[in-house]
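Next come two complexes built around subunit A: one with subunit B, the other with subunit C.
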Partner chain A sequence: MSQFTQQVILGLLLGGIYVAVALGFSLVWGVLNIVNLAHGALIMVGSYITWTLFARLHVDPFLSLPLDAIALFVIGYALQRGIINRVIRAPLLFTFLLTFGLNLVIVSLLLLLFTADFRSVTTTYSGAGLHLGSVVIPYIRLGGLLVALVLAGILWLILNRTRIGAGILAVGADRDAAQLVGIDLRHLYALTFAIGAAFAGVAGGIISTFQSITPTAGDPYTLQSFAVVILGGLGRVSATIVGGLAFGLIEVLGQSAPGLGSGYANAIAFVVLVLVLIVRPRGLLGRLA
Partner chain B sequence: MIAREQRLPRWVRRAVIAVAALGLLYVILGPLTSLDPAQQAGLPLLTDKLWFRIATTVAMFVVMAAGWNIIGGLTGYASFGNIAFFGLGAYAVGVLVSNQRWPFVAALIAAPIIAGLFGLLMGVALLRLRGHYFAVATLGVGVAVGEVVNNVPSLGASTGLFLPIVRSDLLFFYLMLGAALLAVIVTWVILRSRFGYGLLAIRENEEAAAVIGVNTTFYKVAAFCLAAALTGLAGGIFAQWNSFVNQENVFPISANVQMILMAVIGGTGTVLGPVAGAVVLELIIQTLAGGGTNAVYSQIGLGLLLMGCVIFIPRGVIDFFGGRSRLSLGYLRQTLRETSA
Partner chain C sequence: MPPVVERLYSKEVVRRERFALIVGAAALLLTACGTSNNAGTSPSTGAPIVFGAAVSLTGAQSKEGGLTKQGYDMWLDWINQRGGIVVNNVKHPVQIKYEDDQSEANLSATLVQKLITDEKAQFILGPYGSAATATDAIVAEKDGIPMVEGNGAAQAIFNKGYKYTFGVLSPANKYLTGVLDMAATLSPKPATLAMLTANDNFSVEVAKAVEEYAPTKGIQVVFSKQYPAAAPDVSGLLSQAKAMNPDIVMNSGHLAEAIAINKAAKQLGVNAKIFAYSVGPSTPDFISALGPDANYVYDGSQWTPQVKYQPSFYLSVSDYVKAYQQKFGASAPPDYHVAESTAACLAFEKAIENAGSLDPGKVRDALAGLNVMTFFGQIKFDNRGINIYKPMVVEQIQNGVHYTVYPAAVANGKPLYPTPAWSTR
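Entry: the complex of A and B
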């Protein structure tokens, strides 16, 4: 029984990472109608910033998270303003291919800069954890979950309590009407993408604390973000939280099921994903399209 | 008569632009291929063996791009999981030849059938989804199938399957070429049939197509099956050609996107677009890859090329050089205007 509890806790902690990873992805998809295949690459840029600061200047990984956010915000704004805005009205296949190309370029640049070696951020508290009876909660993972929830709170505040957020929601609802009331679409698209990228950067920072990173390590997270958004539903912060936690649970519990192992992680995730798509295309908490 | 005289220079002008563009591309990307002078002297078509390998690979991608074109280009369902069919075809031949001791020819007939049946299952389940949902669901299936195959012991698990080696460059070149021709002919026939018009109608407006009496579910699934069977055939030939099958070499996600890119660069929904795209892109990739030590630069080049094509010529080179456009620079500008924010 305690082993089951441990699995559930690990699942929820993993789910926290997925929440952090999927928040920006969900925002960009919901408002810009772009499935950003370069999301994983942006995450890795964040990871490498955290790693560089840690390895060169011994900055605590959790303290470098705001820097990840600022750097990725700038990069994200430039990418959207300079490149992605050019195809924003093209059919979805083209935005798909464009962001795939972007992913390829960013990952390759990271390979040139940092090589393909595995890098890890090992702090003094990396191996430690909170012991509750026979259940162990690693501090790093707990920190990740907390950061994810803070991120979700920040996104909710931005969207619901600021002028920019109102603009973003307006564009997401009806871009032509938003333009009519005087919103600068190009700027707002870029801003939305920049926020999404900043969140990806923070997620990358968290990821570097518990797994070894290589330039391609971000790619699975793109697919997992997609799965989280499908599972939870598009267009709400709460849906992303539910989707992320559920996805983490499914992955951890699925792998411990008899006859399956860690080799099946992606397969389990996608069988669930496809089932959800078929049975409930709006996701668990999604709104009607 | 006057119209014809005006038309000729335009063709010439386009050809000049085409050559100039390719030249420029080579000048820009050429230095990236290799820093080693010896490598630079070694053109991709230098030795016969290498030439056969490249030509066979090009033909293989023609099959895959043409197969994708049937579901993605004609029907408008952007599948990102066609690599699953390629892998299944390859594994079908792998298992039947190496475990069951079937003759290669018999296994090669079974490969497209197995891939096609899987396409049927996948199509019935997934073709009700649209847009991003369909794209990523198929991507998920592609990844999942590869992972399952990699874990099943009777399929060689992570070791893979070894097939008896057949040393004949010519045989596999002709087999792939035959498959490529078959794919082109199938596309051509589809585009001239009632079935093809049904698919185009679905692409343009699925509800309207259903209203005028197109059995959309049947048409979509049939198109998916055809694409699956063709891609599976290419996989089957590849398995014996390569004489080694594992997850990494027959379920690469990169090839998945490569075939789509080829169809898009060439021109989706056309008969020859995927062929042009496959030839052009594969040659560029081979040139970029050089000795293989500069894979990173070739990836950057490929990514930039992909982004440039998507932004400037989303309707493909076939439309760019042979379409209705008047001035090529104006064409680029107009495309940009149509899709920009």
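Entry: the complex of A and C
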């Protein structure tokens, strides 16, 4: 039983990472209709900022998260304003191509700057955890989950309690109508992408604490984000939380599924994904129209 | 340069296949005339020998691919400083043409084909990794071009009856069995083992060999599960293994997973007496990423900078380490990926010399009969083309430094055993 509890806890903690990773991806997809294939690369930029500050100046990884957010916000704004805005009304394939290209460029820049060496942030408290009987909750992982939930809360507040958020939602609903009522589309697009990038940066900071990072280590997270958004549903913060936690749980429990090789954990997760698509094509929580 | 040879060289259009024959004939002619080819005359310079290599310079394996290229370049510099490979008293300088397979095994074979047909590569140096090597081996076989590789240890490559692919490294099934041999000598002797395995060919082979070998050493395998290769998080599996309370925790996987497993072991308080990972701990990255947490970890290694082999040619082990640090401005010694890649070049050098020809078939035969001692250890191939004659060594990280701890004959340290609990470190 305690073994099962432990697995569930680890699944939720992993799910927390997926929530953090997918929030920005979901926002950009939902509002800008861009499936951002450079999302994983932006995550790694955040990872490297956290790692650099930790390795050179001994800044605690959790303290550097706001810096990740600010840096990625600026980068994200510039990318959207300067580059992606140019194809925003083109067919989906063009944004795919463009973000795929951006991914290659960013990964190559990271390779030049940081080489392909494996890095990781290992703090003095990296092994500490809450011991409840035989169940362990590692603090670092718990911190990651909490940060993810805080991020989700911030995004909800931005979307529902600020003028910018109202603008973002308006553009997501109908961009021509939004433009008619005086919303500066180019600025708002850039702002939305910047927020998405900032969240990716924070997720990257968290990731650097529990796994090793390389310039290409972000690629799987683009795929995971995609799965999380499909699973939960597009365009709502709560859907991303549900999707992320569910995906983490499925992956970890899939590893211990009796009768099946744990090597199929990914396959199990994606089979569930396909089932959800068949049964609830708009995701577990549905999609805002 | 003697006039006969000079005249032949002026015909630049000579086809490559014929070229070796003509040089050979010229040398014979010279010998017959009694003009030259005696000791004391320096060899003349021939056309460059072109090697091709498709290595991962970008993508997920760019780290290991880069190390592979470093290994090749180490030899390239050395051999060209000496004027090249001597074939029948003619020195042929060496070129290596590189292609980047972007860490895609499927792309690798296409690039090797391109190297052979477009870039006119006469010989192929292997790519990084078993998957890419397996696809390249098909091209080498089809075109009858010898390939020597130092980075594909899966036996699946060598069980297909290929005649043109040779691996200088120990096969996958030897990777972690050395750790079991060592474990059997320790006191108190570990009795149980948990195995976490990535589900790629190479890792599964390593794990299978361990599971078959452990019982013969009185060690019981109490947990064995696979995870998808390159999984960023394996803490769920590790917590299952922890419930079995194993004396030995082994991982057959890759550097990224080794780091993740070691981190998760600390977070979850998994206290084994031995942590041993197939790939990863031998690289400087493992220590820099984990800091003091990297201590006590064991790995099976193809080669370490501490081994005491007495080579018959090329550099000694210590000179190799020095030359590497000088060439690449590195403070750390080269890891085994670099050494095994250099060793692949050395096998080619000796085989071409022994063949006395650049004919691919003759060089292949010379490779099959090769038996030399290098800084990397003995290079000799079994009838499948893999080097089963060189042993694996066991390394342990002690205070942030690699020590070779087994077998005792080549070791420069003793195993620190048992590994202390995480809470007491």
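Just so it is clear, the second predicted complex is superposed on the first by the 281 of 289 C-alpha atoms of A that agree within 3 Å, B and C clash if a C-alpha of one lies under 4 Å from a C-alpha of the other, contacts with A are read in each partner's own complex, and residues count from 1 in each chain.
Heads up, the rule we're going with is that a contact is a pair of C-beta atoms (placed from the backbone, for glycine too) under 8 Å apart; a residue touches a chain by one contact, two chains touch by 3 or more.
Given the structure is predicted, the values throughout are model-derived calculations rather than measurements.
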item	value
Clash or fit (per the criteria above) of subunit B with subunit C on subunit A	clash
First (subunit B), second (subunit C), both or neither touched by A:52	neither
Which superposed partner A:186 touches (first subunit B, second subunit C, both, neither)	first
Which of subunit B and subunit C A:87 touches, first, second, both or neither	first
Touched partner set for A:101, first subunit B, second subunit C, both or neither	first
Which superposed partner A:111 touches (first subunit B, second subunit C, both, neither)	both
Touched partner set for A:266, first subunit B, second subunit C, both or neither	both
Location of subunit C clashes with subunit B - one stretch out of 26-34, 98-106 or 278-286	98-106
Doubly contacted residues of subunit A, that is, touched by subunit B and again by subunit C	107-108, 111, 261, 263-266
Subunit A residues within the subunit B interface of the complex	29, 35, 83, 85-94, 96-98, 100-105, 107-109, 111-112, 185-186, 189, 223, 226-227, 230, 261, 263-267, 269-271, 273-274, 277-278, 281
Subunit A residues within the subunit C interface of the complex	3, 6-7, 10-11, 14, 17, 107-108, 111, 115-120, 122, 126-127, 129, 131, 136, 138, 140-141, 207, 210-212, 214-217, 219-220, 251-253, 255-256, 261-266
Residues on subunit B engaged by subunit A in the complex (per definition of touch)	72, 78, 80, 125-126, 128-129, 131-133, 135-137, 139-141, 143-144, 147-148, 150-151, 257, 260-261, 264, 296-297, 299-300, 302-307, 310-311, 314, 336, 338-341
Subunit A-facing residues of subunit C, complex	58-60, 62-63, 66, 103, 199, 225-228, 230-237, 239-240, 243, 255-256, 259-260, 263-264, 266-269, 283, 285-286, 288-291, 293, 422
